[in-house]
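What follows is a pair of complexes built around chain A, which joins chain B in one and chain C in the other.
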Partner chain A sequence: METFNNFLGGAVTLFSDPLGIVIFFGGVIGGMLFGAIPGVSMLTLAAILLPFTAHLSPEHGIMLFSVIYCTGVYGGAITAILFNIPGSPENAPTAFDGYPMTKNGQAGKAVGAAVMCSAIGGTVSAVIMMIATAPIANWAISAFGPPEIFALVFFGLAVASSVGAKTFWKGWLSILIGLLIAVIGLDPVGGIPRWDFNMPYLLAGIHFIPTILGFFAVTEIFVQAENRAKGSYQAPKLSVDFPSFAELIAHKFAVLRSIVIGFFCGILPGIGATLASFMGYNEAVRWSKDKSEFGKGKLEGVISSETANNAATGAAMIPLLALGLPGGALTAMMVGVFQMHDMEPGPLVFLNSADLVWVVFAAMFFANISILFVGYLETKTIINLLRIPFQFLAPMILCLATVGAYAVRGLTIDVIVMFVAGAIGFFLRRSGYSVAGIVLGLILGRIGEQTFAQAMQMLHFEWSGFAGRPIAAALLVAGFLTLLGSIYGAFFKKQV
Partner chain B sequence: MGNLRTGHIVEAALWLGLCLFLYIYSFQFEKEIEIYKFGASAWPRAILLLIAVAAVGQLLYNWKKGDGGATSMIAQAHDDSSKGSDHNSLKWYLWTFFLLALPFIYMNLPEAIAGMMSLEKPGLHSAKLIVAGIVVLVYILTMRGNYVGGILALPILFGAFLQDFGFYAMAPIFILGVMYLFGERRYKRMVVIGLGLYALLMIFFVSLLYVGLPTGNIGWFYDFGTTMVNILQ
Partner chain C sequence: MKLKKYLASIGTVAVSMALSSNIAFAACATDGLPASMDGPDGYPERALTMIVPYGPAGGSGQVAQAMAQAVSDHTGISINRDHKPGGSGTVGMTAFMATPADGYTVLEHIDDASSAHALDSSRPNPATDLIPLVTSQITFSQIYIRAKEDRFTDWPSFVEWVKAQGGKATIANVSKEGSMERVMMKFITDATGMEIQQISFDKGAPRYGALAGGQVDALFEQPGDVRKFLDAGTFKPILTMLKEAPAAFADVPSLTDAGLDFDPLFRFRGFYVHKDAPADRVEWLQWAFQKAYCEDSYQKYNESKFMTLIESFRDTAGSQELITNTISQYRDVYKQMGLEVK
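Right, the complex of A and B next:
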């Protein structure tokens, strides 16, 4: 009851403030648009807006970013489905079945499923977040130390290695390329420069935003360029055909499973929505009786990944607000917003700024609800983008990507890195490697190494120490079994 | 040789070569960390070892199954393989990598010339203008008949020019170039739509969001960039 009263209080505060309403709807529409427009993402918008939040109150600043987070995660699904360009890595699995659905003339149904499932996943996650913040955070924090987080990263990478690449080995090579890129720069323990080749730019590490823009947005343009040259480019067919209620009911277990997976992944720092969507998708494949339909345009694929990634958004706020631990790029930017107002996220925020917490919680709840309505209207606008001939859309995407890559740090070398990543991604994709795997490796590489180092220090450099931690041991064993199963499948089965 | 083709061996050799190159360089940061006995090089070397294992695994897979199909239906959905493409010959790769090298020639050659001839800033700028002109000319001559290679290299060239010539002056040329490489030949439409796109970008990012874009730093390119910023903001 106290939770409900707090939520009502947050909602009243949010909607009784005209500036708060403007910022809320600005965030909802902006997040969706930047998530949806190919070549930019919610991170681009957040990076552009970050300096301006100094002029807002902390409530408005954090609320704006949390709303952008909710709707941006959904917005990326639109481009993943329509153009095979995920707005961000958390939408990558959505493209696996979403894009084939577009090619089959079912773009509307795929987008409709994404709208509904994003709203359902996000709203349920927001409600659970409000009810269970303290107990869940306490459990995760007490049960998950560095060994468990490292084991979860390993398990996640083992699962993801089978996704997207032509063979199991190329899947692993893709992930290892990402891990290799993440190594460049200062080592996380001793601050020793690695593979910087005496270049100041490499000393700071290769930034993940230009790399993601390159591997996804730019590579896709290059692939389309070759398809046109081969004469195999096909403009997607247009339709608006939202899934029926009966279809959603038929997938209720997929929705529920993805909510649980998404929430569990979202609550752990550094794991978040990306692994949530990959695991949501993989579990959907694993539990399905007809695995062969996945990758060809199966509605359940879209439902599973979109429910899971939005279910992670609410959960990702828990470690940020309760402990000050950002789980990803956008929550890390939120720490920046706090710091600009001389605040530190963490337990004291609950004590000193309870209003802020509940305004943010209420805003996230309503942002997820609004995906249903604004998402429906805006999706039609986005679908109209398909009518633009690709020779006119391509320069726009490349210019937006240029602005996005440059806006992060104001470095032209980031633009060059993005386009080089795009060219590398083009050659890797045509050789059967997975760019989604590379990006996952890149994002999880840093946290993987950091938590491994912390874990080994905790365990006094005894490998057997992992066996004494049941959750870590179970995750490592599950990861190794997944690997062994994949190797067996690669050599001895006709098709996995 | 089983089902192996030359391409498979080249691919594996590239991975193993990369591993060897990076392994040798890893001795540069093989330093002890007091609180961490594995040091800074253990993790990167473990990744290199795994890459080598995966590359050999892929080679064995090719030896047993040839190119094979994608191992999973999901992977098949993402199969962008170059099979059946005209852009798969050694000649195409060589010309494309030549095109891709052009931006890096521009990024390094003017400084090298300025260093050798002890040129001051105006001299360096002149060297950059001359090298840029030559690079663009070589690019235009080389990419004719290889539009896929051209589209791969053009954005990198654009990125390399941004620092010196600025976004404001380069973006219209870049937009028109991409349209041309994507097969558009209706020149009036190209100019109208290209300028429209440019205006949209300028209004949204520069006028509304006050995003600072590179103005360039050479002669009238810099003047043009700053004039555009003054007008738009």
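Right, the complex of A and C next:
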């Protein structure tokens, strides 16, 4: 009851203040717009706004950033579904099935599912955040160290091996290519240069955003251009039909599963929404009776990814507020907002600034709810971009993707990487390899390599040390069993 | 050349790190500089660009933002920050070296640039290949344990406990090859005879979470970065890596108190311009950045980061001396460590 009263108090404070309302809706719309534009993410908006928050009250400043976080994570889903351009990395798995749905004439359904599931995932996450921030934060950092996170990544890769590839072997080869790309640059623990060919820019590694833009957007344009040249191009069928209530109810377990996964990934410092969306998608594939439908336009793929990434938003606030540990780049910027007002996030915030905390909680709750309404309106308008003929749309997408790739770090090499990835993706896709697997290997490979090296240091380079950590051991065993099951299927069920 | 006279008059601000001990910095180090200065021939006629080789949320991103704001407040000139993270600062440095030497692009960098040059002399030497405008943050390191720790409570009991673990004890830091942290840990382990496994975390949050969650036994960090954990009573410092403890950490043993006889290395952050930039523009930039250091907003920021416990300010000559000494110190240590110094 006390929690509910605090929440009501926060909501009243938020909506009884005209400036607060303006900032709230500015954050909702700004987050959605910046989230939707590739490269120019919610982080860009946050970085622009950071100095100005010094002129706002602490409540308004922190509330603005938390609202941008909620809606920014959702915003990238629209372009991922309509044009195969994930606005942010956490929307990449949404494109796996969202874009094929657009091609199948189900764009409205895919976007509608993204809107509703983002709102559900984010809202539930916000509610859990309100109820149990402190105990969850303390449990997460005690139970999950590098060995557990490495085991989680291994499990995720084992599950994802079949996503989007024609055969088991091609799926694994795709993931291994991604892992190989992930080792370019300085090694994450010792700082040793690898595969840099004496090019300083390669020391920073291959960034996954240009790679995603290349494999998804550029490859898609090449494929469609080829179809057009052959005379087999078919414009996407326009539809603005939202998913029915019955369809969503039919996916209730997928939603619940993704909330748990997303929340769980969100509370781990340094992990966040990107891993959440991939893990949510992977688990949807693993639990599906017909895995071959994924990657071809399955609604459950969109639901799982979008529920999970928004479920991570509320969760990521837990270590930030309870312990002062930001889960990702945007929450790290929130630390900056706190500091501008001579405050530090952490246990003392609940004691010294309880009002601020509850205004933020209320704002995040309503920001997720507002995704439903603003997202609905956005969908009914933006979806009409599909009416633009391909010869005009394709150059626009290429321009947008090029700007997005360059904007990540302001490096020309990222644009080159994008086009090279686009060309490679074009040929890989024809031969049945999975570009989704490559991207997954690249993103999870970075986290996996780093946590593996840290885990081995912690376990004094003894493999048996994993056995002494029950959660890590359970995840590793589950990963190996999944892998063995896939190999068994490949050999004995002729899925080669 | 009026500025040079002013700079000479304030002298090289206390080069020795012995300044660390209990000195209050009441007057700002650049009070002797002129309050205003016209740029040569209308320079700067557009916004400056500041290349930051790290992301916006970390220590470098924050100091870049605070300094850019202070320069803008003092001069009215905007500074656009261009973050180019990756490669432990190499990407940003390379991008900066490729920009025109026209005085419109400045670089923020940390002591990693000095240690990188010490290890490989083909990398730019910040003291000679660049012109330091100002060093605005110099800080020391400490070793922290959890405040609720019961296996050890202070430095002597920690050393005793670590020795009893036979190499199984762990400490979280940024132990990349040749890093300040790894070098300092070598000093400590050589001096105490203890063996401890270093776990390298390149980002702050997982590093601090590792100590708070009990994943590691201790943490190597600078006090400004963990201030919130100190204020909240979550972490407890047990060793200050200075010859003499500053007043704010009077109860924490210094190197001298702990009987550790080595010269500590420091984390420092500063701002640079191309060495070939026009001299009159460099002079204006030196004035702008050094005056900005004394802006209230910047001083407040430094104070919040424990950056006023030892003298953080170095002008151009002071920065060059600091960098040159640091490079020399790193080179000696690298050779002792058996690293290949190119």
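The criterion applied here is as follows: the second predicted complex is superposed on the first by the 308 of 496 C-alpha atoms of A that agree within 3 Å, B and C clash if a C-alpha of one lies under 4 Å from a C-alpha of the other, contacts with A are read in each partner's own complex, and residues count from 1 in each chain.
Here is the rule we use: a residue touches a chain if its C-beta (ideal position, glycine included) is under 8 Å from a C-beta of that chain, and two chains touch if they have at least 3 such contacts.
These numbers were taken from a predicted model, which means no experiment stands behind them.
By the touch criterion stated above, A:A490 is placed in contact with chain B alone, chain C being left untouched. When the two complexes are overlaid on their common chain A, residue A:P395 makes contact with chain B while staying clear of chain C. Looking at the shared chain after the overlay, A:G145 reaches chain C, while chain B stays out of its contact range. When the two complexes are overlaid on their common chain A, residue A:T13 makes contact with neither chain B nor chain C. Once chain A of one complex is fitted onto chain A of the other, the partner contacts of A:I192 extend to both chain B and chain C. In the superposition on chain A, A:G205 contacts chain C only, with no contact to chain B. Using the contact criterion defined above for the overlaid structures, shared-chain residue A:N104 touches neither chain B nor chain C, since it reaches no partner. Judged by the number of chain A residues each one touches, B leads among chain B and chain C.
Of the two partner chains placed by the overlay, chain B and chain C both lie in contact with A:A453. In the superposed model, A:G410 makes contact with both chain B and chain C. Overlap of the chain B and chain C interfaces on chain A: residues 189-190, 192, 410, 453, 457.
Every residue of chain B that touches chain A in the complex is listed here, in rising order: 11, 15, 22, 25-26, 29, 31, 33, 35-41, 43-44, 47-48, 50-51, 54-55, 57-58, 61, 64, 68-82, 84-87, 100, 103, 147-148, 151-153, 155-156, 158-160, 162-163, 167, 171, 174-175, 178-179, 181-184, 193-194, 197, 201, 205, 209, 211-214. Interface of chain A with chain B (complex): residues 48, 96-97, 99-100, 162-173, 176-177, 179-180, 183, 187, 189-190, 192-195, 197, 218, 221-223, 225-226, 228-230, 285, 291-296, 389-392, 394-396, 398-400, 402-403, 406-407, 410, 412, 415-416, 418-420, 422-423, 426, 429-432, 434, 449, 452-453, 456-457, 461, 487, 489-491, 495-496.
Only residues 43, 47, 50-51, 138, 140-146, 185-186, 188-192, 200-201, 203-205, 269-270, 319, 323-327, 329, 332-333, 335-336, 339, 342, 344-348, 409-411, 450, 453-454, 457-458, 460 of chain A touch chain C when the two sit together in their complex.
Across the interface of their complex, chain A is touched by residues 55-58, 62, 65, 69, 82-88, 90-91, 93-95, 167-168, 170, 175-179, 197-203, 205-206, 208-210, 212-216, 227-229, 231-232, 234, 304 of chain C.
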